[in-house]
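Shared between the two complexes below is chain A, which has chain B as its partner in the first and chain C in the second.
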Partner chain A sequence: MQRYLARRLIFGVLTAVLVSLLVFALMRIAPGDVAQSVAAQQAGGEEGTVSEEDLERIRVALGLDRPLHIQYWTWMSGFVTGDWGDSLFTKRPVFDEFKKKIAVTVEIVVASEIIAIALGIPAGVLMALRQDSKVDYIVRVLSLAGLSIPSFLSATLLLVFGAYLLRWSPPLGYVPLWEDPVINVKQFIWPAIMVGYISAATKARMMRSTMLEVLRQDYIRTAHAKGLREYVVTARHALKNALIPVVTVIGITMALSLGGSVVIERVFELPGIGRYILDGMLQRDYPVVQSMVLVFASAVIVVNIVVDLSYGWLDPRVRYQ
Partner chain B sequence: MKTIRALGIVTAMSLLVLLAMACSAQEADAPQQPQAPAPAAPAQAAPAGSMMTGAAPQAPQEAAPAAAAAPAITAVPVAPAPAMTPPTPVPTPVPMAVSDWVAEYLASDGYKPEWGQPVYGGILRYGANLKLNGHDPNYGHTYEGPQFLPTYNSLIKYDPWQGLTGPILPDLATTWELSDDGKVVTFTLREGIRFQDNPHSTLPAEVKAKVAGDEFTCEDAAASLNFAIYPPQSLKDVGVTHAGPRLGLGHLVENGATCPDGPMGYTLRAEFRETRAGTVNKFAGNTGMPNNLDKDLIEWWAAECPDCFDQTTDETYLYGTGTGAFIPVDRVQDVGTKIRANPDYWREGLPFLEGVDHIEIEDATTRFTALITGQTDYYGEGSASLLPGQVEQVLDSFADEIHLEPVLHLWGKGLQFNMHREPFNDERVRYAIHLGIDRDDWTEFNRIKDQVGVIRPTNWMPPGTVWAIPDDELWETPGFRVGQGKVDDIAEANRILDEVGFTGSPRFTAACMTTPAQIFIDGCEWFKDQLKKNLNIELSVDVVEESVQRERGQTGHGEPPDYDVHYGSKARTDVADPSDFYNIFLVPEFESWYHRGTGRFQADPERAQRLLDMANAQAVELDPVKRREIVHNIEREVIQAAYMVPMPWSIIWPAWHSDVRGWRMFNHPSQIKWSGWERAWLAR
Partner chain C sequence: MTTQQSDALTLGRPRTEGALKVVSGFISRKPLGAAGALIIIIMVVMAVVGPLSTDWDPLEWTLADKLEGPSGEHWLGTDDKGRDLWSRMMSGARISLMVGFLSVAFGSGSGGVIGVVSGWYGGKVDNAIQRLMDALMSIPTLILAMAITAALGTNLLNIIIAIGIVQVPRANRVVRSQVLAVKESQYVDAARSIGAVNVRIMGQHIAPQCVAPWLIIATSALGIAILTEASLSFIGLGVPQPEPSWGGMLAGPGRTDFVRNPWMAIWPGLALSLAVYGFNLFGDAIRDVLDPRLRGT
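And then the complex of A and B:
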């Protein structure tokens, strides 16, 4: 177990390093001169011209004149010590901004996963137990819709229909959970539902297929033959085994939810990491994008390691080597 | 079956819980709106200054025609009183005590009787489309401006209820006088004005002690003007150039703002290097027009915190201290800002509003739904005004609740040629494209129901101003014609292209670079369609991000731009003064990045020099008749030069709830409008 964990961690670190190299290179390969954008910002968006001297001064100030490997090393060595550099535009430390914003994104992801699990797993089991019934077809259609409609579209539809039909739109602003939980829940419930719906659809369909497979196993038939109640057969014998692939899906959907937060936070105007990274990408704000992508990648790596470790708890036959 | 029931119950319970939470969220639509107590009615008192419009200056008189007749815009009916119940608790309106200031304003030409009587109290909620990244009062910040410009006063200003067609009013100056040679402006300052004492201010104690409640005198006005035009090296070192004020008043002599009656006196003398026709107008409506700060604050800013006002944080936002109607009281990064009425404002009886909350809503759909559901009162500005589809929805479904005020945009749009590249280095090809497009088609493309979306005819000068070539002449000018005239124009364009040698099919190909905003993509797509249909030219559309556009367009360093043609915003104006346009088009010293280095001097040096000379000549010509003649000659010559194809001027669609009163919008609205917040009120 410990060797397995150590190996996974080592591979995780290697993956993170590869991601860091990739995002560092992509940010610089992508067209668009960050010095021009900074100059425009410093001019307050006015129509003045920018001299080559101004651009050079900005490049030097931002450290963009140094060799690429030095820039990379400076960023990476700072990253592991909590010095993620300053935003090229706001000049504020990226790590400080991250600390302010991470709670918003984590809350969206966790809330959406809770919703997805609460809806998706029971719905999947229900479909399996009532295979080819009306219930099965209805829930399948709903889950297919969840898979087909991206969260930014469902969120936009929510806004538009809410405004037109009910004269309602989600509350604006952001209040932290620890300051006012009631208002916070009211602000987060809709984005969480929008992200969670897609995630629930994935889980429901996976749950249905694995549950159907398990329900056809001999040991389930034996359990029925022993006269066990259906609840006991389903919950204790079938569900636990059917959950293993679904747990894998939970790891994947959490990663997708992180990605989904980029758009959802903008639509619902929540000041999280998603909006931060989106703004950073549009402005070519290297330190912001690099650090946030690395954080996202690290989160996905950690979640997947946790998911893999949970197999052992769900299925005692699994051995870590 | 029990299992199925149990699962059904779990699923149903989950749905019910979500539904209940969602419904509770719906009930509490916008509960965060602070409950503002109704302010006490202000005491009746005589205003500190008079409402006289100052000694009749030469430049304002001359400038009057600059903002003459507004173009004929199909009016959107003013919505009646709101039918909607306000979604948030609102203060009980307090009967107003009419001060002399208020009486003056209500009696002025800009007042609209349908507004009714002003009501005190209430928080106006403004849907801001951009994050506040800087609050330097010397920048224009058309979108960000409302969040901090109402903290300040300028010396003089255009009447916010009449815009550029109205008089220039005194603000912190009571009178002004232009010297005979036009190089010196002398202001008489208002006495008894004090800087705000903001309890929320986060300025260091020693700075606040010097600033709060300090009297505004000449030393402050002079320091503010010198600081605006000549920011100290410490600010330049962090990239702050005050480009806006410099564009209009950059001809101020260095340290040219002085106090002939001493620093504590009330006479300000501003000396300029040269005579320029628009000097006084620029004091009243420049981008980043000089707003007045305390001298001690400026000195501390320059010495201790040079980027504090240009890198806004929750703390530095509260440094802002002026003499204006509102004080900054709160900012939450990525959420918004709050300004509140200055209880000691020197214009007794103003402002009417208790405050303004600016809520950052970057997404246009979210901002629109917030407006129509009553979570905000005001929708964006300029390019962030309502989108055409949203205008249609308002006209269809919300005409009673949402007020639309269509006005000409600050910006004119057009197709820019890169004259370093073939075939656009050939004036005949550029002129053929000018002839070959059917601008009426563009008008129809931009129509929203029965509302026009652009104004024709337009050359470089804004339509409807005396600076523009008269409509009668322009309608008859090749390229701008309609009907058979347009048929002839297209035939002539094809003949020219044949003559140049482009006889193949297609004649040639090119790419139209633009940015992802729909209004810009529409422009390139329209040109693509027109050039293919009328001239058999293949144009592809090259949509790039803003940062890429700047990289490919911003040259001026000896290298030509990296595009064929570029569609986008091409000209902007503060006060509809010809120099606003010609400076950024034709005068290398001020050229905007998207006109710089496009090769007009290489393509035809004589013509480029002639246009430069004329641009400089009109800038210093004080006789409005002679100046207009020069401007019209420039207008005629740039049609022939065809450096770019100007498009019919766009209309923007600012929108606000019908219960927002005392607020108007005018053609080419720049940040000068934000001084109008002090006269707005909520009729709830």
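And then the complex of A and C:
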């Protein structure tokens, strides 16, 4: 177990390093001159009026004149010590901004996962138990709709209809959970539902197929034969085993929700990491983009390691292999 | 394996019994899948002949006609610049479909090839390729696609490349695991023993066995690709304005001018959801037909 853990951790770090190289390279192959756009921003938005010396000065200030491997090393050594560089445009340290914004994104992802589990798992079980009935069909159509309706569309419709037909809108801005829980929940419930519905759809569909597989196993027939109540068979014998594969895709659905946070934070004007990344990308603010993408990827890597480790605990059969 | 082959036979029977029978068989066995296929066909028709059906230019401003509802002149109404929505919807269908099919051909296609090579050679090659795939897979899909279009620049080709690259690891993983299973079979040993070279074994003996799982992945990737393009265009990192992409039409004025003319957002929203729904229904049916393990589930 310890050897396995060590191996997984080493691979995890290796993957994170590869991600950092990929992102670093992506940010450098971008056409156009970063110094040019910084100069334009300093000059008040007028491009093309800067002298070559000014551009050179900006490049030196940003460290862009140094060889690529040195730039990479500076970024990475800074990254592990919490010095993530400054935004090119706001000049604020990326790490400080990250600390301010992370709570928003974590709240969206966690809340949407909770909604997804609370909705998706029972829906999947229900579909499996009533296979090919009307209920099964309706829930199936609904869950496929969850995968087909983009969150920015449902969110837009909600805001527009809420505002103009019902004179309702969620409180604007962002109030942290610890300051005013009521307003906070009002702000986050809708974004969380929009993101959570997509994740719930994925879970429900998977739950349905694993549950159907498990319900055909011999031990379920045995459980029925020895006269156990329907509820006990379903909950204790079938559900427990059918849940395992569903739990293990939590890494994948979390990655989906993190991606979804970019869109949903924009629609609801929430100041989270997703919004930060998007603004960084639109402005080509590479210190922001490279560190934030690495953070998101690291989060996914860590969750996947935890899921892999919990697999042995959830499914004793795996332990003996 | 045998069930899969007998299914491949039923699928391949058009030569003897006529394609019509296969189609009607598919409709009666998979009504939802057939509905999905119908939606896809409608979308293809929209993309191909749609732009010819109207004289309105999707990019031309007619400010006198702005923000109109559906009428005899403008079938679906007009947007905030007086551009004809019908003509913009048809051009949008073209962009969505193009991004969908080309990105899947490029991304899932090369992912499949990488999976065959990686699985067949194994060892160091496999290890190196799979670590790279792990890295790609750990970046959330939309964010990776955003980073690529932000880096390469937002035009149609780069969007197709970005949405394609995002699909590579998944196709690779599915095809590779199939290769690992097929690799051990006797006919592969036989091919090797008569002296077939690697390329020949991979192309003639292994790749055909990977077609079914690859098709399942590729059809499910189609809907996701269209959705990703719409998301990119919505947040401003996709098809640049004023090109009419369904995602882009939902952003900006489509949202802010909703009260003044809701049709601006209703049409693209409806078309987008229906299209992705159609691809998902069709993908599900394809999976049921091609993957015997999941049959009836």
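Things to note:
Criterion: the second predicted complex is superposed on the first by the 314 of 321 C-alpha atoms of A that agree within 3 Å, B and C clash if a C-alpha of one lies under 4 Å from a C-alpha of the other, contacts with A are read in each partner's own complex, and residues count from 1 in each chain.
The rule is short, and it goes like this: a contact is a pair of C-beta atoms (placed from the backbone, for glycine too) under 8 Å apart; a residue touches a chain by one contact, two chains touch by 3 or more.
Since the model is a prediction, treat every value here as computed from it, not as a measurement.
Counting the residues of chain A that each partner touches, chain B and chain C differ, and the larger count belongs to B.
Within the superposed three-chain model, A:36 lies in touch with chain B and out of touch with chain C [touch as defined at top].
Applying the stated contact rule after C-alpha superposition, one finds that A:266 touches each of chain B and chain C. Using the contact criterion defined above for the overlaid structures, shared-chain residue A:54 touches chain B, although it does not reach chain C.
Once the two complexes are laid over each other on the shared chain, residue contacts for A:160 go to chain B and to chain C alike. In the superposition on chain A, A:282 contacts both chain B and chain C.
When the two complexes are overlaid on their common chain A, residue A:223 makes contact with neither chain B nor chain C. Residue contacts after overlaying the shared chain place A:256 against chain C, while chain B stays out of touching range. On chain A, the patch touched by chain B and the patch touched by chain C overlap at residues 31, 156, 160, 164, 266, 282, 284. Per the touch definition, chain A reaches chain B in the complex via residues 31-34, 36-52, 54, 57-58, 89-92, 100-101, 115, 118-119, 122-123, 125-126, 129-130, 135, 156, 159-160, 162-164, 166-175, 183, 185-187, 189-190, 193, 229-231, 233-235, 266-269, 271, 275, 279, 282-284. Remark: chain B residues 1-4, 6-8, 10-11, 14-15, 17-18, 21-22, 24-26, 28-32, 84, 131, 133-134, 136, 139-141, 238-241, 243-244, 246-247, 287-288, 307, 310-311, 313, 332-336, 359-363, 365-366, 368-370, 372-376, 397, 544-548, 550-552, 554, 556-557, 572, 584, 590-593, 596 touch chain A in the complex.
For chain C in complex with chain A, the residues that touch the partner chain are 131-132, 134-136, 138-143, 146-148, 150-153, 223, 227, 230-231, 234-237, 247, 250, 255, 258-259, 262, 265, 269, 272-274, 276-277, 280-281, 284, 294, 296-297.
Contact residues on chain A toward chain C in their complex (touch as defined above): 11, 14-16, 18-19, 22-23, 26-27, 29-31, 144-145, 147-150, 152-153, 156-157, 160, 164, 208-209, 212-213, 255-256, 258-260, 262-263, 266, 277-278, 281-282, 284, 289, 293, 296-298, 300-301, 304.
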